[in-house]
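The same chain A turns up in both complexes below, where it pairs with chain B and then with chain C.
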Partner chain A sequence: MLETRYRAARALPLATLPRPAASGASVSVRPAGAESRFSLRARLGGGAPTLAGLPLDAPINTVGTDGEVWIARLGPDEWLVGGPEADADLLQGRIHEALAGLPHALVDVSHRNVGIDVSGRQAAAVFNAGCPLDLSETAFPPGSATRTLLGKAEIVLIRAAAAPLYRVECWRSFSTYVHGFLNEAVFGAEGAVAP
Partner chain B sequence: MAQPFRLSRGGRIDRTRPIVFAFNGKPVHGFAGDTVASALLANGIHLVGRSFKYHRPRGILSHGPDEPSALLSVDRGPGRIDPNNRASVVEARSGLRTTSQNHWPSLEFDVGAVNDLLSPVFVAGFYYKTFMWPRKFWDKVYEPFIRAAAGLGKAPTVADPDRYANRHAHCDVLVVGAGPAGLAAALAAARTGKRVILADEGAEPGGSLLHDTTSQIDGRPAADWLAETLAELDARENVILLPRTTAFGYYNHNHVAMTERVTDHLTSAAGQAPRERLWQVRAEQVVLAGGAHERPLVFADNDRPGILLAESVRVFLNRYGVAPGRRLVFATCGASAYQAALDARAAGLDVTLVDLRLEADCGPELAQLRSAGAEVLTGHTVIGSKGRKRVTGLVVAPVGSDGRCGGRRLLACDCVGMSGGWTPAVHLFSQSRGKLRYDDAIDAFVPNISAQAERSAGAARGTYDLAACVNEGFSAGAAAAGSDERQEVRATPTLTGFQPVRIMPTDANPTKVRAFVDYQNDVTAKDIKLAVREGFQSIEHVKRYTTTGMATDQGKTSNMNALGIVAGQLDKALPAVGTTTFRPPYTPVTFGALVGPARHALFDPIRTTPIHEWAEAHGALFENVALWRRAWYFPKAGEDLHAAVARECKAVREGVGIFDASTLGKIEIVGRDAAEFMNRLYINPWTKLAPGRCRYGLMLKEDGYILDDGVVARVSDECFHVTTTTGGAARVLAHMEDYLQTEWPELEVFLTSTTEQWAVIALQGPKARDVIAPLVDGIDLSPEAFPHMAMRSGTICGVPTRLFRVSFTGELGFEINVPSDHARAVWEAVFAAGRAHGITPYGTETMHVLRAEKGYIIVGQETDGTVTPDDVGMAGMIPKAKGDFVGKRSLARPDVVASGRKQLVGLMTDDPKLVLDEGAQIVADTGQPIPMRMLGHVTSSYWSANCGRSIALALVEGGRERAGGHLHVTTPDGFTRVTVCEPVFFDTKGERINA
Partner chain C sequence: MLLIACPHCGKRPETEFRCGGQAHIARPADPMTVDDGAWSEHLFVRANPKGVHAERWCHVHGCGRWFNALRDTISDRFIETYPMGAKPTQFPQSETRA
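Right, the complex of A and B next:
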């Protein structure tokens, strides 16, 4: 009972902003709701279990999802896992079970990370206001995820599906900057008005 | 509406869309498609500015980015004024207010023009020669005078209201310049399907094709080829076509910076769109097709308004439908000016052409122009010009093969088009660190050896013929895209070829002649010759001594002439003199474009905790700690820092205080070898620390000096909850990962930053337990069950917590770790529960005072990267039998074990009210001669309300042995005496902490 109560009361940092969601004609920036997230560190050795449709030994900088849970491989021994808020304990159990016997650490970072979703035709252009990576279809296709920079903040950029929908994950105290940067970038990317 | 010099037809202007803007307060009418320069000329306005040094009347020299003279202040509305805009590239639109610069009281009558009469004084190196003596005049007289006179235009005085955007982009082929070569290159590259970006600084892509009304490509007007090419590029999804975009910097790895002017040309309010966008392009391959710049001719008074570059006359005629004059004289040493003269004839203007070349050296252009009805004087030089604010005539004379001038002749005119040949725009190539080669045939430096993946095409590499430009551009674009496709168009032959000339032959006394080489910095041929006579031989030295080529135009029109004169004076071949280095930016770039969105809240991330808004609402003032903003103190009405901190300090020791410690760095260390990993990183032992217990940990760098500190809790056998300093969080995690990955990969340990997962509410003071007791579930808070330096997991207000019983104040205290999104609610609940106990929020200042009263160090304040554990009295933490740890070996270094090292001590002033300055130096004897021997410095100093006196911590040579002795500390007025003591001022036995 207690658990349900405190989870319902999560005060997300971007929820109190006067203008939580910005949108232009071809792009929208929307803070994500409360989610559970885990930082997974593991040594795969020989075996490579599969989580949420992603074999853990999938190439670095790829992301898999089963529609609810996503898992992004960010380094040789590092993954970021996200899922619905309510399923945190379940998810944690699932991961431990899948990794039974493998040296690993699973740390709850649900409150460390803040998610922002950016969607629309101009989404990549909005990121390129502050992210120097090539985000074209060939260089950053659906199924890509990477740790990178947005302006002066470190982010994880995730593109799980084919739609022009990107998830930014940043640390909580950087979220107002990242959100502000993306909002500003919407204006910068929309281009000129008619003469 | 009268535009007396507007031709009745022709040009790419839109005559259905009239515009009007202001020049020096008077309306100027033009059409959409005009530049400010073309509209001014359409209205017969040539005098548009005063020169930098001599305040000479100046007009419009060029039609493009190389314009050195026509620099205007442009006002686009409130807060949107900037100086030094080249009239030739500012698109005219209604609502602009333009003003000329560098004159007083007016453009027509300028007092500063007296400088022109004094010109014999202002020779090259004038500053260095004149302002040498007397030495003491420099600061008070000369420098203020020079500063007042220097600079061009007025800087804006209010903040820039515009928005500037930034865009990173990647492509396979970046083409710079959308003239015939660049367009063909983009076309060829685009057809391979590769990603292409084509950038051109003009409002309209096309380059020279925009003013070429006579050439044909494959039997059809060149304009048709342009339209078709643009249509094809436009239709291709793999092409980004960027007009109004200047590639200004070429950096490593084909990183090219460009500014796109997005809204300046729009009449309607720009709305939310950015004024400019900075493009940072990373290109696989770059094609440079930036064209060439025309050279002026160097003759006496070649700077009068009305004297333009010949090709610019042609541009104004053909592209803008403007006649820069009715009686035109062209002066040239090459063929290209003939085309301008032919076009002027076709427009019905009176044309004379003076060619320095002998009749026999001219090509078919000569007959062509004569048959068009123009007088052509071959073998003639230009001696000088007549007129003041507008050219009225050109003095010419035949020149013999011996260089002697024959009888002078005055050619009356109201406009001169001059051409001294062409200089390929190799700026970007040079910036890319490519090596240039001097091509004797065209008297120019051209790209030779590439340093990066780029190639040049067209006039930028000295190819001037239209068909050759198109074909060369196509090949270059194809090659850049990895294809060997070729295209062979045929086109009307371009009139090319010229005989280079440095200074036009003259019969005048050369010491009296003012022939300008650098128009923007007012450098004459005479100045350059003087510099050479005075011993400057390197072009780099001549440039700095005379300032030639150092203006914002970077010598686009002047460099080759200056170089030629220096080579001539030294009697060296031109390449032996070399060329100066081209540096970014190619043309001036606004600060806004470089700053981009990094202003105000987006200048830097400002990190705040979940408690931040609560602290704001409760009147906290904040201080910056790294990127964090932390509550500094919570003043009540009428309180200053001193009063608020004194109150907060008392409240903690007498009741209970609440403090936001969320910014502390936190690292979760998990794995079978976690304890071993900790043993190797910290000076402390960890193996025997029981789960549920805490220990203060101290971490060194390899050099044995303190890196960071913090309390560590053992959560379980294989899990530690590490805390670090606020500023050290990232550094410590990197340090740990570095050792784990490179030194001890065999250890089975994983590190995860949890700094922001856990918010930390510190509750400190004798009543702390009473406050949280009703809120905590699942943890026995009694001192026996939960002693100092213990950690328990449970819940507080229903929220899971890692509850630490720790203290950075010396009081009974708890640090409540809760997941960040619940921290505000828990904080408010604790605060509400604490009201009955007089709970007081306190900030970092009080935290600092309280810990200093107890002598707890702060890394970075008591330590400075040269302090060992023993220096701060913590050597005892290192177990004798402990194995290796980072920094251990260095602790045995002779200088580290030597006596006389600086040690942490307390200082008490004789005057208990005197608070020492932090950083103040300490000496033993104030009677010693200066420089005195300094023994150390004050590291922390505060007023302690709890002690009723000032307290200070210091690092002092052999400090511990000096306990009880006296030392002297510097004050703003001199010295004050202090007594050395143990670095503990309050509760010296440490009993309160275990309450």
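Right, the complex of A and C next:
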């Protein structure tokens, strides 16, 4: 049998935009590069498997990261796992290893998802232009991650670290909308006029 | 903004949810033994109360899980939300199990 390992070269949808990054004094929006991501569905039962030293049975709507790999628990039986693009096969193997013996579904969604990083003091205000979630320190502390809505598009909002740095994961076909929405919101938050 | 308390995620904005109609409607165990009248009743006839109503809701843009809610149709206030398979602690008469 002929086995073909084929990884499509990726053309990121936001890479060709005439104005890829909006940055101001207090907030900046920057499309992230290519990464590998997996959608994981499993019923843990009583088990508590760990992946890259991070427990899968962490509370719902939290994210854990070891610096490279991050695991966001979006629901009782759903996780979004991300890591460096080159480690896609490695990460896949580690997930299967961690969940050996447990029925689970693992889907590579690296090309479906597009990441956008929003950082700066006003980042929460920018999201609140289209997302009614409470993003204050008490309601959405570092280590939070959730699926929600931004304007009309579904996003996954991840806040891994204490710094005001948020990662938006949206679907590829929504990415120009989400990116445009965030850019507009930056101009609103900065008090400037869009060019 | 109306906040709905998802049993998994806590209070979240209304736009993340989708309503799935009346809750606690049991499908007849053996549909072949049910006559046409009772079957159409099961499929199509729903309560439309003025007051407390038990409904199914889905946190579709969040954890993606279905749950039940007691909602007052006059004030649009959510009295209680509870997981699938559970019973409400208040208003037991709102349960309309077949």
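In the analysis below, the second predicted complex is superposed on the first by the 179 of 195 C-alpha atoms of A that agree within 3 Å, B and C clash if a C-alpha of one lies under 4 Å from a C-alpha of the other, contacts with A are read in each partner's own complex, and residues count from 1 in each chain.
Here is the rule we go by: a contact is a pair of C-beta atoms (placed from the backbone, for glycine too) under 8 Å apart; a residue touches a chain by one contact, two chains touch by 3 or more.
No experiment lies behind these values; they were computed from the predicted model shown.
The superposition on chain A brings chain B alongside chain C with room for both. Once the two complexes are laid over each other on the shared chain, residue contacts for A:12 go to chain B alone; chain C is not touched.
Touch criterion met: A:103 reaches chain B, while chain C stays clear of it. In the superposed model, A:185 lies in contact with chain B only, and not with chain C.
With both structures placed on the common chain, the touch criterion links A:173 to chain B but leaves chain C unconnected.
In the superposition on chain A, A:132 makes contact with both chain B and chain C. Note on chain A: of its two partners chain C and chain B, the one contacting more of its residues is B.
By the touch criterion defined above, A:41 reaches chain B but does not reach chain C.
With both structures placed on the common chain, the touch criterion links A:60 to chain C but leaves chain B unconnected. Legend: residue contacts after superposition of the two complexes on their common chain; A:72 is shown touching neither chain B nor chain C. Here's the short version: in the overlay, chain B gets within 5 Å of chain C at its closest Cα pair. In the superposition on chain A, the residues of chain A contacting both chain B and chain C are 132-133. On chain B, the positions that touch chain A within their shared complex are 163-170, 195, 262-263, 265-268, 270-274, 277, 280, 282, 597-598, 601-602, 604-610, 613, 627-628, 668, 670-672, 748, 750-758, 777, 795, 797-800, 819-822, 824-825. Considering their complex, residues 60-61, 74-76, 78, 132-133, 146-149, 154 of chain A touch chain C.
The touching residues of chain A, counted against chain B in their complex, run 2, 5-6, 9-13, 16, 34, 39, 41-43, 77, 103-105, 107-112, 125, 128-134, 136, 139, 151-153, 171-174, 176-178, 180-181, 184-185, 187-195. Of all residues in chain C, only 1, 8-9, 12-13, 15-16, 61-65 touch chain A in the complex they form.
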